[in-house]
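Okay, so subunit A shows up in both of these, paired with subunit B first and subunit C after.
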Partner chain A sequence: MSVERIPILKMGSTLLVSIQVDMHDQLALQLQDDLTDRIAATGARGVLLDISALEIVDSFIGRMLSNIAGMARVLDADTVVVGMRPAVAITLVELGLSLPGIRTAVNVEKGIDLLAARGLDDRDGNNRDVVGR
Partner chain B sequence: MESLAQLIKRNESSILGDWLLRQKETTATRRGLIRDDQLKAQSSEFLNLFTAAIESGEEDTPKWKPVQDFLTELSRSRAVQGFTPSETATFVFSMKQPLFHMLRKSHTDAGSLADDVWKTTTVIDRLGLQTSEAFIKSREEMLSRQQQEMLELSTPVVTLWDGVLALPLIGTLDSARTQVVMESLLQRIVETGSAIAILDITGVPTVDTLVAQHLLKTVAAARLMGADCIISGIRPQIAQTIVHLGVDLNSVTTKATLADAFAVALSRLKLKIQADRGPQSRTGDRE
Partner chain C sequence: MSVERIPILKMGSTLLVSIQVDMHDQLALQLQDDLTDRIAATGARGVLLDISALEIVDSFIGRMLSNIAGMARVLDADTVVVGMRPAVAITLVELGLSLPGIRTAVNVEKGIDLLAARGLDDRDGNNRDVVGR
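Up next is the complex of A and B:
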């Protein structure tokens, strides 16, 4: 198995994943494994995926983001992707991956607000909640 | 038998005088675009470079480089000064007559005269064409620079409120412009951490499927970064066009005016604007 791993930090009922290295396919698959294990083990209700250091994405990584959100949803946790860089956003849109099922926020702070607000609403719908409401 | 270069050197002052006279006949100086002494300095400098280059004999040798550079610089400055292309090219072409005049006086043999005339005319024609080319090139550079400036000027991203960005779009949207718009908007979202962006298309004359697609791409990219987009300023005709074209704008909040969009943005931030009813009730404009 690969020695490289992306750390998953637990903050209350939220898991914080900050991707600080270049994602390659093996690492992405490893993260999916680790994250689903951790969600199941901790019963986390939210996953915060910080990709502010991610500079390069391809369609595989784009799909991985979608997959993670889908898996977390099945395990009853909401995923918020935060801090996407402009170039990454443009690339994903040009690839036709606008990640419809994923919630997004500008930075970690807003992402935490978003997850906190979720607890108040009934948790349905694929649409993203408005920050702060 | 004297060479062409020697001939020109010997007759330099008469050629220069004759040439200047011809240049003044053209409209350039009459319109006061260039002073006489300036023209004289340019002409004599060119004649010197030309003589030096023609001494080398061959075409396309490094000796011709100073002549070409001088002409490029001259056309560029004349393009800026407002000369027409033909006036600029006349600078070189008007030298033909003095040169031919000189050749006719110095040659007795018809064969060698024809040779020299042919040689001179090829050289001058080539230089004249270079002048026109440089002139047009500098014009094109000017145009593309202006285009670039206009592109940058036309897409300002303004902060309406803390956390609310607005992007008033004016003029036709094409792919290149949308790219600039998208990049500057996303950059500002990162810088300001704004969660709401308003795209105002009041100034966009027509919306076709391509423009709508560009807009939707911008909205999708902003959403990926965590900012919500509101499209405002949709005029009645454009609303009709969008529906007729079958463009799906359901995923985007749309408002008729920028003011409406701003109101929505404020309410999402849980802010409201209140009328000021005097000092007693002044507990704060925003709650």
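Up next is the complex of A and C:
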């Protein structure tokens, strides 16, 4: 019963992906495919990538996160990585990985705020409830 | 880098848990502990359990879902299971498992609506945006 694809949860104009499992090549490619399809299909304006379950973010994962953010950007969606553990941040810097092009927030709620503050919810000018629909 | 605990994501007064990995005894107990702690600490009124990644829900998983719903209930939080695959529903019925005490919704958004409709957001009488804070 090992996971063959990572679920993408739609909440209003935001897509939430909680990465919990060891990312191998195939799974990373599948996630990129699924997520870009989903952004295009739903017109989502924001992507939240929760990595709170990850104890290690190596160069492979870092590149995957950057790729996803880049793909989302050309599809007009902003990406925020949330839930990074302090130990992961330390390791990233020690490895010289700077996660170019990736914005981060402490948790999902702050990530939602960050997406909202960037004017992603332009439906009614009320930026505080991107996810509340 | 296998998961040792399943992340619990707080969104307003709702806690979201996306179950993606093979649940063994230890992980199920850990999730029950973490989730009850989190409900008590945050005063959350709703729990969304996303099982869209699960291809199989056997009696062990079914019991775990029922246990979580029961524990949440005595802590004054409602539980909704979301994202069940059609094949899982078929298997559950064939196995004679009825998931007692568990409410379900097709996806996270419908689950949020279901929690909201049950009057969980009693702060301002506006039940439509439980998660939007």
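The rule is short, and it goes like this: the second predicted complex is superposed on the first by the 116 of 133 C-alpha atoms of A that agree within 3 Å, B and C clash if a C-alpha of one lies under 4 Å from a C-alpha of the other, contacts with A are read in each partner's own complex, and residues count from 1 in each chain.
Criterion: a residue touches a chain if its C-beta (ideal position, glycine included) is under 8 Å from a C-beta of that chain, and two chains touch if they have at least 3 such contacts.
Small disclaimer: the values here were computed from a predicted structure and weren't measured.
**Q** Regarding the shared-chain residue A:Leu35, is it in contact with subunit B (first), subunit C (second), both, or neither?
**A** Neither subunit B nor subunit C is touched by A:Leu35.
**Q** A:Leu99 contacts which: subunit B (first), subunit C (second), both, neither?
**A** First partner only.
**Q** Figure out whether A:Arg85 sits in contact with subunit B (first) or subunit C (second), or with both, or with neither.
**A** first
**Q** Given the touch rule stated above, what does A:Leu15 touch, subunit B (first), subunit C (second), both, or neither?
**A** Touch status of A:Leu15: no partner.
**Q** In the overlay, work out which of subunit B or subunit C sits against more residues of subunit A.
**A** Per-residue touch count on subunit A favours C.
**Q** Looking at the overlay, does A:Asn107 come into contact with subunit B only (first), subunit C only (second), both, or neither?
**A** After superposing on A, A:Asn107 lies in contact with both subunit B and subunit C.
**Q** Could you give the residue numbers on subunit A that contact subunit B in one complex and subunit C in the other?
**A** Subunit A residues touching both partners: 83, 107, 128, 130-133.
**Q** Can you name the residues of subunit A that touch subunit B in the complex?
**A** Residue list for subunit A touching subunit B: 81-86, 88-90, 92-94, 98-99, 104-107, 110-111, 128, 130-133.
**Q** Using the touch definition up top, name the residues of subunit C that touch subunit A in the complex.
**A** Within the complex, subunit C contacts subunit A at residues 1-3, 5-7, 9-12, 16, 18, 20-22, 50, 52-56, 83, 107-109, 112, 128-133.
**Q** Help me check something: in the complex, which residues belonging to subunit B touch subunit A?
**A** 182-183, 186-187, 189-190, 193-195, 217, 220-228, 268-270
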